[in-house]
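Next, two complexes with chain A in common: one pairs it with chain B, the other with chain C.
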Partner chain A sequence: MAVYKRRYNPYGGTLTPQWSRFFVLTRYAFAELFKSRFFVILLILSLVPILFFAGYIFVANNKTVQLLMQMRSAGLFSVENEYFIMIMVAQTQVAFLLNCWVGPVLIAGDLTNGALPLFLSRPFSRADYVLGKLAALGLLLSAVTWIPGLLLFSLQAGLARNGWIWSHMWMVVPIIFCSAIWILMLSLISLAVSASVKLRIVATGVIFISFFIPAGLGEMYNSIMGSYWGRLLNFTEMFRLILAKGFRERTGLLGPLSRNEIPVPAAWGVLILVCVLSVVILNARLKAREVVRG
Partner chain B sequence: MSAQDLVARAQKWATEQPWRLYGSQISILVRNELRRNLFTRRRIGIYLLAWVPVLIILTHVIFDRNQPAGPAQIETDTQVLAGIVQLYYFRLGIFFACMAIFTWLFRGEMVERTLHYQFLVPVRREVLVVGKFLAGSVVAIVLFETAVLACFYVMYSRFGSTGKSYVFGGPGLGQLGSYLLVTALACIGYGAVFLALSLLFKNPIVPGVVIMGWETIAAIFPDWAQMLTVTFYLKHLCPVSLPLSGPLAIFTIVAEPVPPFVAVLGLLLLSITILALSCFLIHRMEITYTAE
Partner chain C sequence: MMNATIELNGLEVQLGNRTILHGLTGVLKSRAIGLLGPNGAGKSTLINTLLGFHSPSKGSARVLGLDSHANGNALRSLVGYMPENEAFISKMSGVRFVRYMAEISGLPPDQAMERAHEAFVYVGLGEARYRPVGTYSLGMKQLAKLAQAIAHGPKLLILDEPTNGMDPPARKRLIELIREIREASDICLLLSSHLLHDVEETCDEVLILRNGQIASICNLAEERRANRKFLELETIGAQATFTSTLESLGCECAVFSNGRIKVVMPDSVEIREVFKVAADRGVQIRRMNHRRDSLEDIFLNAMEQTGAADGRI
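Coming up: the complex of A and B.
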């Protein structure tokens, strides 16, 4: 057909349901991420500790292997709440590194290239946009935190006897909820930074700084003012506090137990406040227009 | 080729170099960099990194002005100041500020697409590296030396005559001198590391944080491995030892004491070696603005 005979025809195919439109962005974000060889290597490396954790569980439940290794001793291999705390601490730190690599590019590219008006001119809200980007980070970080955590829990439940699964079923809740708050906080901070700082190199630095510097300042505040509330600025420590409470940890594995301890609701409050602040920044930065100064 | 031949060749090379020209080129580069980078909006974060401790100490002075200011309190505040310098400035403040200042020297030009102007002028790339490094060092040193000085002044000024006699008649002035020396050395050491990282990696932040981890855990490694860290040399120059216990003690462990002049020379040698590596790396550098 000659070009001049062509006329505008609206799209006649099936539309993506409104509730799952945000997932289109997630799909494209993943496609973009997996193009990077470095990212694939980083993802594989972040799952390596899980293999070691699984190996430990296998040895802990296999008396023959223990005999062969001549390491048979009561209490040497135990898979209890402390062990799952270790898994969670290790994997949430891995998630932090993964987030620092992935997060800065998610929104910055769209803002730099002026793509946001194109997204928002479609039947696609700002909330959908943020949800799509958040889902990309959320799914990725879930793959290295609570999903392997639950798989290891299932492995232990399958190998252990004497009704281990029923006496430890409560641990499923902290595995999921503690991971969820950490993932949500990391993802929202990354998206807020990505929306505010367009350069990847600077954004990565800002994400790191937003975790390390407040912690240092908080400690400084404590030592100068003779207080302990400065620890509220140490997000990692607040997360560990929540983790210790969630896993009913009383041995001081995550730091010495003292009377001067931040209450757990305050720790939750800080992490939620960080999430809210990030959402406020996202709300301010994500507009379907851009003012160009100069 | 014998050693004598090598020395003779080195001497011939040294006499053939136009050192005066290099010197003037470096001074122009330093001036340009300072004019462009010392007072900009982008630097606000770095100023905050340096000056927030001063604000916290100022708050402490205002709120605790009615507390008795005796020798015991001076002792406590000396420990607090040592904690601020050794834990905050060396481990976080100067580290991240140097990360921001020195990685931006070349990566920033790459991002702003102006590096080719620098490469097109008739200046050797080594001169460019040294000039930019000196400019970054001047910015970092000026910023953090004034901040440390302000912390020291605010901390002891509230003690009045007792504070004055502690500073001028006691160990205070010596401690201040040590802190200023160590701050300058920290800026130079971290600066050299981050300059090299920015020439080696496209995004030097993640390797930078790996360096941070290495600087933290190096205390548990053998001596020769510790010598490859900046903090190893700084720890030996700190005038006040911190009574830290638990995991934080890793920041202050000194396996084998080293004389101060050896520590200063060691750190300068490490920085010069890393700078020489940067001079080698700059020759490999190609401008690919599209990849940024």
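Coming up: the complex of A and C.
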């Protein structure tokens, strides 16, 4: 089918492995995202807090700088589990905002003009499709959560020496796993909303609502019934509960979590349930063809 | 023995509580197959089932020897699909859109890019390939859909109403392209259309659906051959001796009023021999119509037959 020949020829070249094809979607999603100047600015701003956190770690481990700043005092600069909780809380909120901007367009763009049958008429399943889009969000949100978290952990380990890394190695697990559940939940909610709502501004609103309305309803339930189980509907609080448990936090840094009435497995259950519900919505929305039931 | 392009074995498809396809059974062996039927006959459902979008509730369908349900992935790797409805990513440039689709079909990025350019130039959109697809006219969008369907070099091209919404020159160009694609390679073609003329120009075999059932499977090439020497004559003169002489040559004749004669000739008899016999017998041939059953005749005939199953016309 060479241009100059102007005739059709079948393709006889090599093919990429089938398992890797979902990544084509991820690559194209990133290419489209990075065309937007606003997105690039947002991403840079998302990484700015990391510089401050890194600066703090540097100062905390540098006595000369502390002397120069006349701030040398025992315990003033402490890089322990509470500090990493702070980092994780800050960056997961940043991830939430980033997700609200990026997530709504990922699937809606394909559904608006009916491109989905073109994807699914190839050796490419709906699972591959979701995986490709999920990978785009997952990689992006990882870049502002657990990856900088691990880099800061490494920085602290490198500067502190004296075996700090070995006594704090356990923190690697909550850094990765707590971020992972948050990223997975955010991504799946975003994709489910993107598959259901075509307008970006409305989809962004729906993502916000999906976090705040259940939390409000939960509080109403608590007030009326004199219970605390309504907090299960506050996904952010459930995540912080998991975070506090993961980082062995017992000082009440995360406020209401110090009450700890909700068992941690229940918090995990809620977040996993939200993920499952999002997958159910995706399964219902991502069809190659509309089926009219009658 | 030539493998069947499409083989339907009691295929039944239910969507919701409705049965859309009722036990379709038939074998289509030609390289270019037309799918005809009125609205709601089940054409798109059949295409979607062949692509593996719908699961059969009973029976099975095999395409190029692969079961559409059990070997869906392997089958889809052989298929290029041009859907009936809008199907594009509006903000992407045409060539990028086709490249994207080719990469999902498994072409490496550099090959996909090359094939996307080639496909775009081939369908006649070379000048517009860097424009966002959303800005294309309806005809251009149809061509872009065709480009994405052929870019990865499929073995079977499924075209669902490809000329929908196109003006006559664009429609003619698209039909020519489809014929070129068919003739330039060993690609198989499944074309669904409301326009009998489109099917007649591009296909060798036709599957006619009606109310989710097969009204007819017709091999157009055989029909053309069978009707090749079917003559309608208007004559003046000694009809009896004329027809008896033709019959002695092996022709079958039917005489009607006003000198009208229908003649079915065997392969061994040429038309010039009819003229010769007429001249010898002093018969004037005032009018000769060398006609064959058009697809329209075949289609209307199939529509009239109620409950026709898998019979050949």
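We adopt the following convention: the second predicted complex is superposed on the first by the 276 of 294 C-alpha atoms of A that agree within 3 Å, B and C clash if a C-alpha of one lies under 4 Å from a C-alpha of the other, contacts with A are read in each partner's own complex, and residues count from 1 in each chain.
Here is the rule we go by: contacts are C-beta pairs under 8 Å (C-beta built on N, C-alpha and C of every residue); 3 or more make two chains touch, one makes a residue touch a chain.
If you're wondering where the values come from, they're calculated on a predicted model, not measured in any experiment.
By the touch criterion defined above, A:Ala288 lies against chain C but remains apart from chain B after alignment on the C-alpha atoms of chain A.
Applying the stated contact rule after C-alpha superposition, one finds that A:Gly205 touches chain B and leaves chain C untouched. Residue contacts after overlaying the shared chain place A:Glu219 against chain B, while chain C stays out of touching range. In the superposition on chain A, A:Leu120 contacts chain C only, with no contact to chain B. With both structures placed on the common chain, the touch criterion links A:Trp101 to chain B but leaves chain C unconnected. More residues of chain A lie in contact with C than with the other chain of the pair chain B and chain C.
Once the two complexes are laid over each other on the shared chain, residue contacts for A:Gly12 go to chain C alone; chain B is not touched.
Residue overlap on chain A between its contacts with chain B in one complex and with chain C in the other: absent. Residues 15-18, 48, 51, 53-54, 73-74, 76-77, 79, 81, 83, 85-91, 100-101, 103-108, 111, 115, 117-119, 121-122, 126, 134, 148, 150, 152-155, 158, 180-181, 184-187 of chain C are the ones that touch chain A when the two sit in their complex.
Interface residues of chain A facing chain C in the complex, by the touch rule stated above, are 1-3, 6-16, 18, 21, 24-25, 28, 32, 109-110, 112-115, 117-125, 287-289, 291-294. Only residues 97, 100-101, 199-201, 204-205, 208-209, 212-213, 216-217, 219-221, 223-225, 255-256 of chain A touch chain B when the two sit together in their complex. Residues of chain B that touch chain A in their complex: 45, 49, 52-53, 56-57, 59-60, 63, 80, 83-84, 87-88, 91-93, 96, 99-100, 103, 107, 111, 203-206, 208-209, 212, 246.
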